[in-house]
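So that you can tell them apart, the chains are marked A, B, C, D and E in the order they are listed, and the count of residues begins at 1 in each.
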Amino acid sequence: MVVGKVVGTIVSTRKDPKLIGNKFLVVDIYEKFDNGNKGKILAIDSVGAGVGDLVIVTLGSAARFACDTPDMPVDATIVGIVDDEKDIRINS
Amino acid sequence: MVVGKVVGTIVSTRKDPKLIGNKFLVVDIYEKFDNGNKGKILAIDSVGAGVGDLVIVTLGSAARFACDTPDMPVDATIVGIVDDEKDIRINS
Amino acid sequence: MVVGKVVGTIVSTRKDPKLIGNKFLVVDIYEKFDNGNKGKILAIDSVGAGVGDLVIVTLGSAARFACDTPDMPVDATIVGIVDDEKDIRINS
Amino acid sequence: MVVGKVVGTIVSTRKDPKLIGNKFLVVDIYEKFDNGNKGKILAIDSVGAGVGDLVIVTLGSAARFACDTPDMPVDATIVGIVDDEKDIRINS
Amino acid sequence: MVVGKVVGTIVSTRKDPKLIGNKFLVVDIYEKFDNGNKGKILAIDSVGAGVGDLVIVTLGSAARFACDTPDMPVDATIVGIVDDEKDIRINS
């Protein structure tokens, strides 16, 4: 998984019917996890996250297992909200 | 998922029979999502997108779940059309 | 998917029995899709491609769906041959 | 798989119910495997690893097969603890 | 798939029970396939490869299909041994 901050939203009216009712959240990957390579990803939310939240994002096929139905055409889902930035304890 | 602009098409007559009837669209990953690493990808379309559209692309195994049949040999499918560039609200 | 040119072959006699009868083709990712990150990949062929052909390659789990049996241990399969380089129409 | 050192933890109270009871461990990819591209990943543990341990991490869909239930929404799981740094024998 | 040379081994006694009996081989991705991005990966072996062998590695979910059981928690499996470096014929 990666950690990132929700920094925005995207509106898409014409979309796959299975995605209707889902918010598209723009997640900026947290610099400790970003190694300059992931930048921003678009994720759907499964835990009530919003702009400004620090979140845990599952990528790839696992992203579907956090959705209500296992055939959602998504490759990134927010599966947790980090309680507080200080809860990211990383020994330098 | 990633966001990008449809910038072209590719024609392939000799292809896997399951792909017949699908348009191959070249998607240039939107610079906020590009982190210099994704460049262009080839995707099939599931929502009626065309050249010039700003689109949402699902990658990996999820790409098959946006197709009519779950055994399509594709790893990138357009699952949404962004209504308007201004609908990409990203707090700097 | 990505687009690339078949630039070589690899011979491997001692291999997984399910791979017997398959050609290993070296595909150099086409510079518009390469963003300096993919370089060369090894793919098996499902449409009769050969050295010199410009091809469409499906990556990841979808690669198995272009094979005769869905349990092939492959992560890259050629699923289309581009008719002609001019058929790659990309608006700059 | 990749090899890395557990360097921290993350606390997330509001998370997918299936993740309850799992520790989120921050793994810094071991420089021989890091090629400047993977940096840190967040993994769950399946073998009793803790901060300071050198571990083997499985990524992608395989990560679920190291969990108790195959529908865990995770894309990285620790599947082994390296006995000792000297047990990483790599010929230069 | 990628091509690489087996350059080492890793010993892990405390590991997922399904991995018991498998050798962890360190594979250095062959420079023509490395594009500076893949570096080393840890793979299990399915064809009797050893240190010094030039091998073909399948990545992602396909890696499980080269194992005896389809629920192995692995994302990289050696599926072929290249007969000889000269058998990698790549037109410059």
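The rule is short, and it goes like this: contacts are C-beta pairs under 8 Å (C-beta built on N, C-alpha and C of every residue); 3 or more make two chains touch, one makes a residue touch a chain.
Only a predicted model underlies this, so the values are computations on that prediction, with no experimental measurement involved.
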item	value
Separation of mean Cα positions, subunit E and subunit D [Å, integer]	19
Gap in Å, rounded to a whole number, between the CA centres of subunit D and subunit C	31
For subunit B, residues that touch 2 or more chains besides their own	36-37, 60-61, 63
Touch-based graph of the chains, sorted into line, ring, star, complete or other	ring
Chain ring listed from subunit A, with subunit D in second place	A, D, E, C, B
Subunit B partner contacts - residues on subunit A that touch it in the complex	7-16, 18-19, 24, 26, 36-43, 51, 60-61, 63-64, 71-76
Subunit B residues touching subunit A - in the complex, by the definition given at the top	1-3, 32-37, 46-48, 56, 58-63, 65-66, 70, 77, 79-84, 87-91
